[in-house]
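After this come two complexes, each holding subunit A, first together with subunit B and then together with subunit C.
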Partner chain A sequence: MQCYRDMPEFIAQQMTNLGAEVYYHEFLPQSKHFHPLKFFTSTASSMAVKPNGTYANFGINTIGIIRAPRGDGKEAIVLVTPYNSQRVQSNELLSLALGFSVFSLLSRATWLSKDIVWLSADSQFGEYAAVSAWLNQYHNPMFLSHPVILDTKMYGANKIIYGPDGTTEKADHMSFKRAGTMAAALIFKVGETRKYGDRDSVTMYAEASNGQMPNLDLLNVVHYLAVHRQGFRVNIETFSSLLSSSWLKVIAEVFQNLGSVLRKINPDWKLDVTVPDYVEGTANLANSMYNQALGVPTGSHGAFRDYQVDAVSLEYSPAFHLRNENAKSSFLLRGGRLTEGVVRSVNNLLEKFHQSFFLYFLAAPSKFISVGVYMIPFALLLAPLPVVASALADDSKAKGKSVDDCKTRGDADDLQIRGGSWKWLKSARVLLVIQIWAVLVSLLPYYISQIPSAMAIQYAVIWAVLSIIILIALYAMFGSPYCAGVEWKLLKATMITSITIGLGLMSIINFATAQLGALILIPMCLFSLPLKVQLEMKLLPRTVLLASNILLTVLGFPPAAFLIMKGLSKGSWTLDIGEFWSWMEFLWEWSSATYLYLFLVHLPCWLLCIHVLLHPCHPPESKVKQE
Partner chain B sequence: MASGRGGIPGPSRPCRLPLLFLPALLPLLVLLAFSFSPSSAVAAAASPGAMHNNNWAVLVCTSRFWFNYRHMANTLSLYRTVKRLGIPDERIILMLADDMACNPRNNYPAQVFNNENHQLNLYGDNVEVDYRGYEVTVENFLRVLTGRHESAVPRSKRLLSDEGSHILLYMTGHGGDEFLKFQDNEELQSHDLADAVKQMKEKHRFKELLIMVDTCQAATLFSQLHSPGVLAIGSSMKGENSYSHHLDSDIGVSVVDRFTFYTLAFFEKLNMYSNASLNSLFNSYNPSMLLSTAYYRMDLYERPLNEVIVR
Partner chain C sequence: MAPPLSPPALRRLLLLVLSLLITSVAAENVEEFTEELLLRPLPDRKALAHFHFRSSAPPSAAPSRHHHHFPKAIAQLVHQFHIKELELSFTQGRWNYEQWGGYDPMSTNYAKPPGVELWATFDLPLGEIDATWKNLTHTLSGLFCASINFLESSTAFSSPRWGFKLNEGNLRYGALPREAVCTENLTPWLKLLPCRDKAGIASLLYRPSVYKGYYHSQKLKLASSKSFGIILDQTLTVVLQPDSVRGKQLHSADGQLQPSWSMKDLFNRKLSGKCLVSKSSRVFFEIEKNIVDKVDKSGTEASWTNEIFVLSSAPDRVLKEINNMDGHSSSICEYDVSNYNEDAPLDVGVTWKLPLIWSCTPAPYHANRFLMGSGNERGSISLSFISTNMHKQLFDVSNDCSIKAVVFQVVPWYVKGFLHIDEYPPDANQGFDIPSALVTFPEFNSSRSYPETDSLFVSPLLRTFKEDGVVKSYTEVLLVPLTTPDFSMPYNVITFTCTVLALYFGSLLNALRRRTGEEERELKKAGNPTMLICLPVYDAHISCVI
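Right after this comes the complex of A and B.
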């Protein structure tokens, strides 16, 4: 009876007994250092393993591969079960058991046409780190000139297995084996029992980095098999605070009444939605948009998406106690059938999923909003902006011309060079200065984070102080926008042009971020009017405009927006600036494009809005007086 | 198809010359006129004049890939039926992509079923496929029909029919309005088929031709035919789809189409000596079971439909 020292060896032995090819993959977690180029290059393997040192604390993935007996070996389906090898809990054991039972079934299946890879990922450094390290080695192998010397007393290539009849054989467990392109991947794990109910539930996580999603067909397959064949209840992540909010119910009731009225007018207009459907759909949709807008993957399926492999994470929430053996074997049967069904569906395909949508939001596990529908509000918001910008620029050009004509007739060339159609260059210069400032501010954390062992709040304060200093320095060097004689209308026009371009570009990278950003930025920019001009308006519009300006400007400042959001969602209104720093750290760790958007589009626009609001509104006078 | 002879239609009346011509020419002309009429009678009787002496079958499955399992099963089941009812292998041209039986996705390797009960294996040692895999192309199909092959093509791949042949042409796959899709790659248009049939008729390659088509919008495929002696039946009309019969959950795909299923059900009741007629076959199609309207075109066919089926 062999004695196993710990889990990876046990798993490997079981897989070898089935006749699969087995190997170990050792990895170290990648450092979470901020590097500006991380946004633009794919995460090339940062040298986490140094050749001349020994490490005792590394993660070990155990991988088994079943080759399809009659297949051509060009494609593979990947199953992933994460577990923590340092501290294995009973629910993780159950997920490993599920993975192993599916693996042993597939080793005997006659219908396999693609190879099956089972990765039992060691999640002591985090599930994502393990999966992404393995995928990195799979797709971008790193060949070291010096062989890596790790603590390989147990797992070394020279391991000798003592067979039952006393013969010894060498097990080649360290060489990395591959199985072809991955057609699809399924990650499943069993969570802890939260509440005891009648039905086990499965939560699907689909969002990958920067708002990418797997093909909707994969989600449909999983959902259909889980609900209609195996009797699971399928959920997606949702905002529970929205589910119980009363104002949302009021809106839902309004829509329901409107829909029923419309249906009475014309029975073909099926627009009525029931209140629970609407509330649940809104909560799910808000969560889906939020997760996509953050740009951070919601699970290790995000690592697969970076290599264009469709992947989805399933988390089973059992409704039974984990000591109940009957319930466990019934769960293994149903979960195993679900996994086998998904594997067989992908196995029978000839190509990767490509017929369904890649760009969508999920309003329910079986309801989606496709790109053709959700682009429309964004396009409607963005389309009038160039018109507004050109109207403002035209307006200021006309006024400028009339002023110049009145002042003097002499030296017309001089006036036309300083004034006339080239005035927008001044406002473009202001925009350039502010953009440079924004780039510098976004790069500051690279240097700030190198200060060792400081608290988050200290980092945040240093960051704020440094950015203000840099702003003042830039104004001293290039001149403040007010003394350059820039008219507020041109400034506003330039600002609107810059956000059009910025939002347009961002919508291609991560649509949800652009959409949510547009909802705040565009009203803020359109409502901004210099306070001195506002004084000339009547009382009621003036107060409304002032109030909206204040509200939008506060919301537009990223730290303030973050604090408000946190307060609304958690209900705790603490003023902790350090949390903003941790949030930004979170964004750049995951190379999320949202970070770049916040600092290169949102922040400059906000600063320009403040400039427009506080514009002194002098007509261009100094140069004319010199004539 | 049909045995027995039909009636010979009457000869055309010769035109009478006006009597203003010289009476000396009249006897000569009358003699000439009488000499014309038997020849015209012979010309009109050329097609029914030859006796029916052999039967051929051309069975074509135009799709490949695992999810088109049912087309392969359709064709193989019809092949089996046709063989059972008396046509030998050397008179059957079978065109299949043939990638089902040994497909790694097949849970029952080397076996092809057309029914969920898996009672009947349609694939075996005595299935002789003449055009296999990528050889099933529109060009080869038209060459088979018209007989215009390269000199190196062996006899087993040629349709060596003559003017006494009754030919069954069965086609299945994915089709649409006036076309049939060959192997995801090319299409056969209905006027191409009509031209090929017309060439066949001119070269006296058949006496009677029965075309059966089991695809979506099948009736449009033979809408352009205009050669006499052709009878065509399709599984659905223009704008309708043909549906599969049932899904085999063990194999994982649908295993047979509805039209073919009911055709086979009709034929299973027959043997080599039965006398059932085409009329009863056509009447056995029930549109509510087929979920489409089986449509047949008889206007080019000269005899009434109560004749004997292939035998």
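Right after this comes the complex of A and C.
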């Protein structure tokens, strides 16, 4: 591998020798864009990158298609092997070898009924970019009136790849070929690190953008074939810090003892979980929830999910040294058989995978928690909120009435509006102002990111300062909540109503985000009590309430939560606002709905909570009483 | 035919008598049957075999007259439904327009879309045609063991006046891309032949090798008129991978020798004589124009034996295509099967001596059809035409490059976002098929004419090469994955509702009918309280009610 520019050509030559249709797909790296609202709009328009000038640096995907000998070409199965054409590592060579061996086997298969597409994706700009560029061209091709001009512009560096006499072949290799509707996609690569152990292991990655998952049946097929047929150890991503945590072990032991006691009572109840199982399951589940909640795909399979194609990434971690030829060939055999098995399973399907297994968390490669189970705790968390809100509103109404009674009936009409059933309008106005502020804050990065060549920390500071200025300006325009004389109970009721709606909506878009958000937001809202009211309480409840209020409020502030999360996972507690900016940038680049959730549901709720905590408590009423 | 133990002399005599009988029948111009086979090597190391059987019946007044060997079922079908023309094709696999050619009579007439395609024109008033079409689909589905009857629903067929074939509204067209084609469709097709697959060229149809191929398309074409009666053309086109030990390397690569093959390699059989009732029985070996070019360049004349390849036996005749445009033209080697018998069977084949790379002439444009968008959003069907360089060679005009292309595609009206529950097909989760589009290039003609050596007899196969040569190509079948509701949902809802209702009414009845006082009295009356107390009251009561 002296000259890496030859890699696509070499792969194409091998594919041609197998009798496959071959073409190159050239793409440009995508620039960063602020598009958090892409989630709601179509993916079609945003990708059309207009090339201007000659690009020396572009990625080249090499695609080979095997037409099923007797198939009708309606459907296709996609195999993806990513490799970096600029700097090919030995593990990437091994994954290309695996792809090639599977492809050459399938080119001789007579049983194929779906076409096979092998995409060797050039991952010099990242795997996802390569795969998503190809998928976009596959599904939303650009129709240009002057294709020739574009060709010379965009692919000005063609000479590097094509020889001077390969003009006809070039034309043949440049035309984009398709192979029908994609039935499923399998991405496989060999990991860089060697894992010591008795068996080679495979790590499955499945989370796509915004918590979407591929059909569970695909994961089950992969897991079954890998474990029971080819003897791989199958893993999913996990929080390794949780695996060694002592408090989790204590909980696990409690559960184990409880389970064994229950078993003594009735031997039919099989509720006991062993400690390692419980700890591992919890760590896996936490990672699965975290990845779904983040809303960022864990690999190039996410690009397929955007087009409703089931896809899963497999990362092989060989237990042998990559120079060991014998172990390598045995690995190629077993890895190839696994891929062939998955291809056979999908190939033999007449219909799609069953429609109802898309919503789940993975607790182990073969264990999952389905939507029917995980909806229950969330529903239980959310269900009391409307009751609390109405109770608070009712309470304040009753108080208002009692105030009314001791008053003279001179200006009854005015009082009815002010203190009667329309009182909630004031708190609703506060909520509206804060929501407007939240929308403005969430849109600010679009303008801030236009500022050229600044550091992340500068962006973050500008963002924070602008947010505070906007809040003050809005209060100046519409009046601050305390001046208007809104009761804290009504304010709290409004806040609870708004988070009920927000969390309910979010649970439809990305359940995991809503679930994790509810764990912080709901206690924060329910515990919030004005500090002045707290002063009237006894010492013990007061300190408990105060401590929980402060703790939850700190946790509820997104930058603080980010810092704590980073500290827990990495152990570095250095305060860096710039990192928060880059994290947010990461979220909106991937068009994650979590960004919208953070700024349209979480942040306004937190601000309202602060308002409730600092509420001056009954100044208007006390005024009335004095009168 | 002849008893197997009879001496050859006697057998020959019998054959002679039979053939005399047949010629005497044919002389009255009653019914004719011809069988032909065309073999052709393909550039991607495969081989094409095209069987062509033609039966014809003279016009007759009475529909129920006796036929000698013309299939009665077909004759009745034609009379019953007043069919002017009908074409029914069963195809498995895709014709590879890039490798196997798109600009010759074979690809134009015998490359068909996967599944079933049926069209028919009727000699009936326009109002009766739809009803007749429905009856026809049912009859054909019974005749050919296929679900052609799905074409009766109004979403499945169309009546194009132009685009497919010009007509006055008496044409109906339908296609079933999902239909699986296999041997149960071939058997009834073979039954229409006078010798079935027991003798003659059809005896080569060894099922395992036919269905192992990359493409096979069986077609039935009917034409009837008052003047010439009924003509039934049965064709079977297969593309096979020669199964020879010599050509072990399966993939085409530069510098490799093409696999040498013969009929024995393709079909596991040799041809040992013709079907005795056939008027003519011939095997053709076609040598493509591009091979002839290459052979000519090598210096020798492209006959059956030259420097590059040699055919296994000397042909009876070599026909050269009459071509005015340029010097080179394809040639056909003809073998008369009646010259061969069981002792000296015919085994046409080719042995390559030198590696040769050639390509078939492609259609002026490669038409590709694909789906755009994803899910229910922004979905569209697009057709792309990619020019092959032939256009430049033919006209050498770069400025005025407008080419007429007629696209005929049937898109079911139900391709939309939301469907009524009745509109879903039986296995809705597979998606919806959109049949192939037919792209016609009316300015290009692929017909080939060969000199007529025999004034008495013209080969029907070569005659089809001559007529109707407008270049056509079919595009891919598309699969539209639409959102499908969970059809088990109504069942779940019904079971859940019934459970809830049962629980509700059960407890309500229990509460209403319970008379505690009476129960206690009865307990006392029974005099054995200990046993009954053990039982839960609820159970006791239920048993009471029952």
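One rule holds in what follows: the second predicted complex is superposed on the first by the 570 of 627 C-alpha atoms of A that agree within 3 Å, B and C clash if a C-alpha of one lies under 4 Å from a C-alpha of the other, contacts with A are read in each partner's own complex, and residues count from 1 in each chain.
Note that in this section a residue touches a chain if its C-beta (ideal position, glycine included) is under 8 Å from a C-beta of that chain, and two chains touch if they have at least 3 such contacts.
Just so it is clear, the structure is predicted and the values come from calculations on it, not from any experiment.
Enquirer: Output check: A:N347 vs subunit B and subunit C. Expected answer is one of first, second, both, neither. What do you get?
Expert: First partner only, subunit B.
Enquirer: Which partner chains sit in contact with A:Q355 here, subunit B, subunit C, both or neither? Use first/second/both/neither.
Expert: second
Enquirer: Applying the touch criterion given at the start, work out whether A:Y307 contacts subunit B, subunit C, both or neither, answering first, second, both or neither.
Expert: Touch partner of A:Y307: subunit C, not subunit B.
Enquirer: Applying the document's definition of touch, where does A:T110 land relative to subunit B and subunit C: first, second, both, or neither?
Expert: After superposition on chain A, A:T110 lies in contact with both partners, subunit B and subunit C.
Enquirer: Now for A:G197: first (subunit B), second (subunit C), both, or neither, which partner does it touch?
Expert: neither
Enquirer: Quick check for you: in the superposed arrangement, does A:R70 touch first (subunit B), second (subunit C), both or neither?
Expert: A:R70: touches subunit B and subunit C.
Enquirer: Would you check which partner chain A:P141 touches, where first means subunit B only, second means subunit C only, and both and neither mean what they say?
Expert: A:P141 sits against subunit C, while subunit B stays out of touch.
Enquirer: Return the chain, subunit B or subunit C, that is in touch with more residues of subunit A.
Expert: Counted on subunit A, the partner with more touching residues turns out to be C.
Enquirer: After overlaying the two complexes on chain A, where does the subunit B footprint on subunit A coincide with the subunit C footprint?
Expert: The answer is residues 69-72, 110, 350 of subunit A.
Enquirer: Which of the residues in subunit A come into contact with subunit C in the complex?
Expert: Going through subunit A, the ones touching subunit C are 17-19, 42-44, 67, 69-75, 107-108, 110, 139-141, 168, 175, 177-178, 180-181, 306-308, 350-352, 355-356.
Enquirer: Over in the complex, which subunit C residues touch subunit A? Could you list them?
Expert: 44, 92-94, 96, 114-115, 177, 212-215, 250-253, 368, 370-375, 377-378, 382, 386, 389, 427, 429-431, 433, 476-481, 484, 486
Enquirer: Can you list the residues on subunit B that touch subunit A in the complex?
Expert: Those in contact with subunit A are residues 65-67, 102-109, 252-253.
Enquirer: Show me the residue ranges of subunit A that touch subunit B in the complex, using the header's touch definition.
Expert: 68-72, 110-113, 344, 347-348, 350
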